C-alpha cells in the first residue's frame, strides 16, 4: 500500500511568451499581452508529489530534509528572482508554465532515480502560475 | 506525454434543494434547512481541467483565450447571479452541486468535441460549493 | 493595554438587491444582474473583532465559548440557509452586504452591552461576500 | 458514471516524532527538532473524498449529515485537542502524518463498508499538516 | 456612521530593484537577488478600501461598477503584464512595492476627489506582493 | 507620510491551557478540552506590521533581510517545534494566544528600539492560531 506526500515550494520570476519561430503578428495573436517585449512576472508555487511505502520504522514516505534540499538546489535557487527566458531550460522552448512544469519534472527525476531519496517515486509536479491557473505533469 | 492545465472560474447563485417526487416530510428529512422554501446561495468556484500534448511551437496545452470564452458563454454567464432552480438544466433535476457539476461538464463537452479548442480533452470539472465542500465529475 | 481577538463564522444565504422606492428601470440601473427577480446567493464569512484587557488569570480577552454561543444564536442560526430579503432586518432595508454588516453589528452590540461576555468591546464586524469583496462596520 | 464528493474537517493536536526502536541519536537524526521531547502541534485538515453514483432522486452522492456524523465520531472528536502520541492508534506507530492519514482511513473504512452511508466508496483520505505539506492515502 | 467597502484586484508584472544613485555594489547589498539585471515578477493583489455613509436608498457605500471601472483603467490595465521599471511612475523611483502602493494611491485619489464615485473616501490601498508580504498606504 | 510593511512568519508548537491559580474544576470550566493534560498544538502564523517613511533612495520602509533575521532569531527559532508551556515566557503566564502575541511583541520591541532596523516602528503583532481565530496586539 502506497501513501503520497506532497510539499509546496515558492519562487518569483519573470517571463515573456514569445516563439522565435513565429512572426511578430503571430506572437501577438498567440500570446496577446504576455508577448509584451519587456516581460511580466508571477509568484509561482511548485507542488511536488511523491509516492511510496510508509517506512515501518520512520513512519515516513520520504525524507523531508532531503526532498527540500533537492528541490531547493534544482528548482528554487535556480529560478527564484530570475527571468525565465534567460535560463538554459528555455533556450529553445517558450517559457510557458506548461514548459516550466515539465522542466522542473525533468530536473527532479534524476534525483529520484539516483536513490538518494530512497524507494520513493516522483508522482507529479504541479505549478501554480496564479490563484486561478495551474499546470500538472506526471511524466506519462 | 500529456500535461494538464486547470483554470478556475467563479459565479454566485442561489438554489433550493427540493425533489418534486418527495413528500414535504421526505424533502425535509433529506435536505434539512437546504429545503427552506425561499432558497439560499453560494459563491461557486468551477475548476476546469484540460489535458493534452504541449504544442511544440506555442508551448501550450490549450488556448487560454478560447477556453475562457467557452466557459464564460456556457457556464459563467448562464449561472452567475441566477436562481439555479429556474435554469432549464434543473427542470427535472434537483440543483444539488453534484448535478450542477455534471450539467457544467455536459455543457462544456460539446465545445471540446467540436475541435474549436484543438487537440485537448476535458479531463475533469470540479465545483466548490463552500470552502469545505467540493464535487468532481470526469464523465466516466 | 488592550489586545484584540477576532473570530470567523460562516453562513450561506441568498438575496436580491431591489429597492421598493425605485422604479424597475432604476433598480436595473443601480443593481444590474443583482436585481434579477429570483435572487442569487453567497457564502458569507463574518469576522467579529473584540477588544479588551487580557485577563491576568485566564490569559484571555474574551470567553470563546460564550462568544460562539452569542454569534451562533444571533447571526449564524438566523441567517444560514435563508433568503435574506425575507428576514425581519430587511423589511425596510435593501439586503446589501453593507446593510447586513450593520444588522449583524446591531444584533451583537446588546450582547456585549449586557456584560455576559465580561469587560470586552465589540470593535468591528467584517462581512466577506466573495473572495474579492468585504465590508466593515465599527459602529462609529 | 461516478461523481466525487469531498469534504474538509479540521482538528488541532500535538505530536512528537520518536521511534522506540531508534537510539536517541538516530531519533535526532531522523526527526530533527520534531523529536523535541515535549512535542509540538498542528492544525490538521482532513479531506475525505467519497465516490459513487449520483442518486437519481436526491441528486446526491452521499448523505452529508451521515458522513459528518461518521467523521465527527471517528476522527474529529477522537483527535481534536489531544496529544496524538497517547492515542491507541499510535501505541506501536510513530504519529507521523503519513500514519495519521492511514489511521483515519482505517477508522472510516468500516463505516463505508457497513452500508450506513449507502452505495458510496471511500476514495481517498488527505491530511494537511501545514499549508505546505499534505499526505494522501487511498488504501491501494 | 461610516461603513467600509474593500475590493481586491489582481495583476501580474515584473520589476527589478535598482537605484540609479547607488553603485553596483550598493545595489547588490541593498536589494540582493532582487537587483538581478533581468528582473523577476509577482502576482500583485491590490485591495482598495473605501469609506462613507451607507446610502439610505441604495444600501451601498460606493458604486461597485464605477469603482471597478476606475481601478481597471488607472491600475489594472496600466500595470498588468508589464515591466514596472518601464512605467512612467518609476522613471525616478525604484519600483519597490512600497512605491507601487503609493503610485496606485496617487492615481486613484483624483478619481475619488472628482466626485464621480459620490461621497466616498479612498481610505487605504494595500498591495500584496506575495502570500507573505504586503504593503499599505493611507495617504497620511 | 507613512507606509506600512507587513510580513508573515510561521511556526508549529503545542500548548496546554492551564492556570496554576485555578482548581482542576475551574481549569476544566475555563479551558474545556484545551485543558487536556497532554496538550494539543497549532500551526501559528505571526504577522509583523512595521510603519515608517519610505526611504527616498531605497524605496523601502524597512530592511527585509534584517527584519527576517530579527524575527527568526527572536520568534521562529525560539518557538518552532516546541511546547510553549515550557518556554520561559510562560513560566507565570498561561500560554494562550493572547499572551503569545504579547510575548512576541515584547521580544521584538527592543530590536526596533535598538535602531538596528532604522527609523521604523513596530506597529502591530498579529498571531493566527487557526484559520478562524486571530489575535492582535499594538502595545497600546
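As written, the chains take the letters A, B, C, D, E and F, and residue 1 is the first residue of each chain.
Assume a contact is a pair of C-beta atoms (placed from the backbone, for glycine too) under 8 Å apart; a residue touches a chain by one contact, two chains touch by 3 or more.
From a predicted model like this one, the values you see are computed outputs, not experimental measurements.
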Quiz item: Which chains make contact with chain A and with chain C at once?
Solution: B, E
Practice problem: Enumerate, in label order, the chains that touch chain B and chain C alike. | Solution: none
Quiz item: Using each chain's Cα centroid, which is most distant from the centroid of chain C?
Solution: A
Quiz item: More contacting C-beta pairs: A-B or D-F?
Solution: D-F
Exercise. Select the interface copy of A-E from among B-C, C-E or B-D: the correct pair shares over half of its contact pairs, counted by residue number.
Key: B-C
Exercise. Between chain A and chain F, tell me the centre distance in angstrom, where each centre is the average of that chain's C-alpha atoms.
Key: 34
Quiz item: What whole-Å value do you get for the distance between chain A and chain D if each is reduced to the mean of its CA atoms?
Solution: 28
Self-check item: Per-residue multi-chain contacts in chain B, two or more chains
Solution: 131
Exercise. Can you identify all of the chain pairs that touch?
Key: A-B, A-D, A-E, B-C, B-D, C-E, C-F, D-F, E-F
Quiz prompt | Touching residues (chain side chain D, partner chain A) in the complex | solution = 17, 19, 21-22, 30, 32, 93-96, 98-99, 101-102, 131-140
Quiz item: Which residues, counting only chain A, touch chain E once they are in their complex?
Solution: 10, 12-15, 33-34, 36, 38-43, 80-83, 85-86, 130-131
Quiz item: Residues of chain F touching chain E in their complex?
Solution: 1-9, 54, 57-61, 65
